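Two complexes, one shared chain (chain A), two partners (chain B, chain C).
So, the complex of A and B:
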């Protein structure tokens, strides 16, 4: 590959560097020059996390050839503040107005906003929205970001601004303090796992299953191992401890041993000198499979005659709720509403793809990674490697959103295994595609409801059949299904309830924890039912809820009597005040 | 023709893991200048637990939040605090931090009572000062008390441990039991405009009222609500993972798997309701997940309110609304013929 010498101005300083013709600007900045404030969220120019300014214009550096900056002026997030104590107004207002959450999208948004305000110093909110359309944020919902850009614009124009009003004065509680970890997130200094490096670091790449359901016949690593720079190809045989993990049920293999159960299941791990070598060699690992018929529909998979995905059968959990007398309840009912509802599978889509780095520190194996639960990760890694738990240290790097998707192991165990076997630091970063293909998902559900009420609108019977597609492995499935059952009826008091909630294995991607954990799937079924019961009883949506809502003394579907802290009606009245 | 409608939806949400112990622990160390370090295993993934836990420690100690630092989520340094999930860190780890800080508070109050020769129960701590309630002129700085304690060989540190109260296993046959120590509640309203010809719709605004017990940091609570609502709208209207019949993912990137952009995000009015939770730290409960729970339901009800059709699967797309409108008008035509 041919190299060229280019000269450009970077954050105010003239630089001359040698760079390959095909090198991307993001890699020049992050890998060659160590400016890791610029983030890679997708690698396709679709998320905006990698935005930098070239001659003042926002550009996606992940699809921009580095050689093209020759003779130009480049600004990254590191160039925005004069010093961490002397922030740019955009940075100040992003912190003051709470626009920063995980912080992964923030450098790109700051650069887009900076470029935009240079051209348009006095924008409307709508113009800011338009200008930021290429920058995805998953934590915050944009409103505070837009407010912060407008506030910064006003300050840059020399206008004075009011401060945010506090809810309650006095102590430390109830104060809208800016994030304590906020400054590094707006200067680009925050170290996410993909930003970490160690001298002599190796790189890991995965071999994935292309089949949803198959037996592994043979794994042939010879060709991959013969590639220059390849250090090891690891398979199930190289796992020192028990090859099984899982947050609730240990039904998942660190590396698939006999069978694969979804497309994207990890089969082998290639360790190479750099990312390019490791990924190329991963494609040369030959895995032969005996393909088995797949099952994708949980309603099919739960039938007794369905082929078994796991030896113990396909029904992972059946959670029952039986309260009162359901038949009596329906006999009392003067209005009955039925509703079938289905929900889709969705992805957490945190903007930071999974990343981790493992290395030895004396006798201690350190895994520095994105995480929603470092102590859980430590326990699984120690078990996998037959190490005392005290000899594994998991450090959470600044984590770019999780929403439930960064509790299960993703690649923490792979870098740990790589470092354990090679003795060298091993790093892995997933591409957006790998993240989407292999991380857990929100459960898709099939719901069948039947709810009865008396003429005055009072609920007297509720029946629900809930079937959740938990995918190839359990992950948080049993807990999600149980929570869906406990949340099945919503915040209402009903004396007679019958719920059957099933979590069923299929050959779909694994469904696990995601923000709401079974509750967002139930409400689109129970809430339209409440409205419909209201209509048939001549009651408004507000009235039907006022009658049935949980309050102190109410009994939930699990027969828990609520004793205090029940603000359900208050939330309804607050919304009512906005409508009426 | 374009028609507007409004829909509401309510939910409740249990804090912490369902019917299972899920304890947290924390260490709090007050230093000789009156500043404080918190160590807690809770992972801040952007939701703001680091800041909230510092505010809780500060409140319990009577010092300003700016004087508190935190080290979180490092297994060699911080004690276990479970996962950052189940909307549990403010509620569970917040209590662990509060209990650790209260141990230190007691040390300060006892020492203060001795120094000021005042009854222990008359003392309080606010704004970094220990003083006799009602006569703030008699006061001593927290840092000074800390130095006095240290000079006597007493370190001002505490260890807190909290497990949500009474979660008990659910009966396998009836589900009866106490799955959660506390619940948070929410009602949201979605206002929508629907094109009756095409089924296309636009969400005009969302009002989201959430009972959070006590807002530890109102701005962070709003940010959680606003972000959760937009995630809920993505779920309601555009997001869907699609596979082919061989299980291959057809939506592996942001070009094919769409999430809301700044242009897809309507104004969200977050309304904070504070119904104190007796078992929460200073009345607080979690806010992480509930905002994403009712939005799709409120949208479906809003569309019914606008055009009289109920959509029966997610995501709610213009095509599904169009098909439902078509089915409704042909049913009405049939009815008028007979």
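So, the complex of A and C:
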């Protein structure tokens, strides 16, 4: 690997640095120069989080060889504001109009917008949209971002916009307040877990299963351990406490012990002096497997004769709901609609891939990580290491999107184990591929519905069978399946209900928590059924819903009588008013 | 993973010299938006040195000479997309450049790289083939001009050997109204930053009175491992009146002779249907550029 001296202008200052010819601009900026405002979201030039300006043009720094900036002018998000008190109009409008949510995509979007407005000071909304097609955001949607770019453009052209009208009233109530951690998110100063470092820090890399279902015969770490810079190769044997975790059912190993149950399941952890060394050594850990037949379809996996993925059987949960008399309900029915549905697996795809850093602070093991559940992470890490919970601190770093996917442990336990064993700080950052492969997903469902109504459109019987693919481990499966059962009829009232909801283990990726938690899978089922019943009864989509919607005094599918705060009908009427 | 040495070339001559010296251990890279990702993922250990030609000024920029546009191979896609000359005289190429990737990609990716990367539906390859463009290939043995169409050997396989030679320039015949025009139609699952389900680029020439097609090139992709010409349709259009009925006929022929593959981006039947739809749209649009409303 050769090195070269390059000279370039960075955020207005001339720099001369030595850089390896094999390195990328993003690494020069983040690692050598400490400018961590530029983010790595995908490593493929697809997501735009790494966007910087080179000679004024937006460029993806994660696929741009560093030596190419020799003699050029580079601008990163850190160069946008004159000072944290004197923000660029793009930054102030992003804050004022609420365009900043998690903040991970924001530096890249700001740079794209900056480069674009230099060329096109008076753009239309459509042109702004086109200019930002290379920047993905998963939290906020794009509307506020586009509005903020247009507002900043107007200010830059010297047009006065006036302050946005604040709602009246004293104090904070009823007013739009700037985000508490907003400023660091638009200047690049916000510290996400991948931005943290510690002197003497080591890196962790995963060895993962290439098989969906297999027995682990042997793990041979000799070749990996003999590599220069490799400190340790950790396996299930190195877990001091019980090797089992899970938020509801403790059915998952911190590192796979006897069996692997999905492609991407972590089997060993390599700790090395830097990321490159650790990743290269991880490829050299030899794991021998005895491959077992995999199961991917929960309908197959729930059959009694199916091979067992877990010893206690493949049905994780069977949630039943019985209300009224379903037989009687169908006897009364004058219209019956039967439909089957499937819904797909969904990846959260937060733009920030998982990252964490652990180190000892005296007798306290400290873990900084992206997280939606630091308390849960703390419990599991303490159990894994046989430490009293008072000796473990988990600190949530600024987190770049989660949507439920960062409640589970992902790599927090790995850095903790690495620091525990080596005594040194250990950091880990997943690639986009690792994040896709190993993180949890939204449950895919197979659904079967049979719903009856009387001629006047009133529901009288509802039967639903829900089979959820919970993947290799339970995660939040039992809770998601329960939620789907209780939401099987959405906001509709029916006296006779029969629901069987199953969460079934397969050798697919683990399904866990994701926005809506089992309820969103139900909407594309009960809504078309309502439309169809309406059609058969000669009622409009609005009318059939007005008749059946839950209201104060209704009894839900779980027979809870609603006494207050039932907003469904009111929502429907507002929508109706907009339509008409 | 990746490469060991990365050298910025100052001239074509220097590049040839370095390629010769390295005897296959070095290869040419331009914008690198595809190659860098490929090398980081797969690693090509035998090639340890990348010779970057993207900053060589003699192979950048767009000029017009003698009925042709001369386009340096290291011209970025953004430069193509915003060039008035390209918009006026090689419309399909301007459209292809605007479809390609995102601003971040277009600012770095080059037209030469897009062609040598040899993906069958590359957004600038399709129009270059439709326009009958030629490419200049330079090696230690000298230089040669080759039709762009002949540079494709298979998916990802170019006739240009990046360890031995480099593509320096394109020569694109001008297609400018009133008698000549070109256009591109592209269908994809999203409106931006996504690969095409199907693209069709056409160039046509009419007779002097603008009543008949004298010839046309119709390029469809991805329906084959290389950019594919609907030759039977091209044959059928020769001498045909500029009418909607003829356009329908020609588009139906293109549909019949195209054999697309099933892929994530579209099924066989759907793609075949779309060959007809997009060919027809492209021909109607190209007539509007000739200021000819096709009559029934």
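Definition applied: the second predicted complex is superposed on the first by the 570 of 580 C-alpha atoms of A that agree within 3 Å, B and C clash if a C-alpha of one lies under 4 Å from a C-alpha of the other, contacts with A are read in each partner's own complex, and residues count from 1 in each chain.
The rule we apply is simple: contacts are C-beta pairs under 8 Å (C-beta built on N, C-alpha and C of every residue); 3 or more make two chains touch, one makes a residue touch a chain.
All values derive from a computational prediction rather than experimental measurement.
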### Message
With both complexes overlaid on chain A, does A:130 touch chain B (first), chain C (second), both or neither?
### Response
both
#### Entry: Greater chain A contact set [chain C / chain B]
B
### Query
When the two structures are overlaid on chain A, which partner does A:360 contact: first (chain B), second (chain C), both, or neither?
neither
### Task
Go through the superposed model and pick first if A:21 touches only chain B, second if only chain C, both, or neither.
second
### Query
With the two structures laid over each other on chain A, which partner does A:112 touch: chain B (first), chain C (second), both, or neither?
second
### Query
Of the two partner chains, chain B (first) and chain C (second), which one does A:400 touch, if any: first, second, both, or neither?
first
### Query
First (chain B), second (chain C), both or neither: which does A:60 touch?
second
### Task
Would you check which partner chain A:44 touches, where first means chain B only, second means chain C only, and both and neither mean what they say?
both
### Message
Looking at A:294 after the superposition, I want to know if it touches chain B, chain C, both of them or none. Which is it: first, second, both, neither?
### Response
first
### Message
Using the superposition on chain A as set up above, list the residues of chain A that contact both chain B and chain C.
### Response
44, 46, 130, 133-135
### Residues of chain A touching chain C in the complex
1-2, 21-22, 24, 43-46, 48, 51, 54, 57-60, 63-65, 67-68, 70, 112, 115-116, 130-131, 133-135, 276, 280
### Message
If we count contacts the way the header does, which residues on chain C are in touch with chain A in the complex?
### Response
1-8, 32-33, 36-37, 40, 50, 52, 54-55, 78, 101-105, 107-108, 192-193
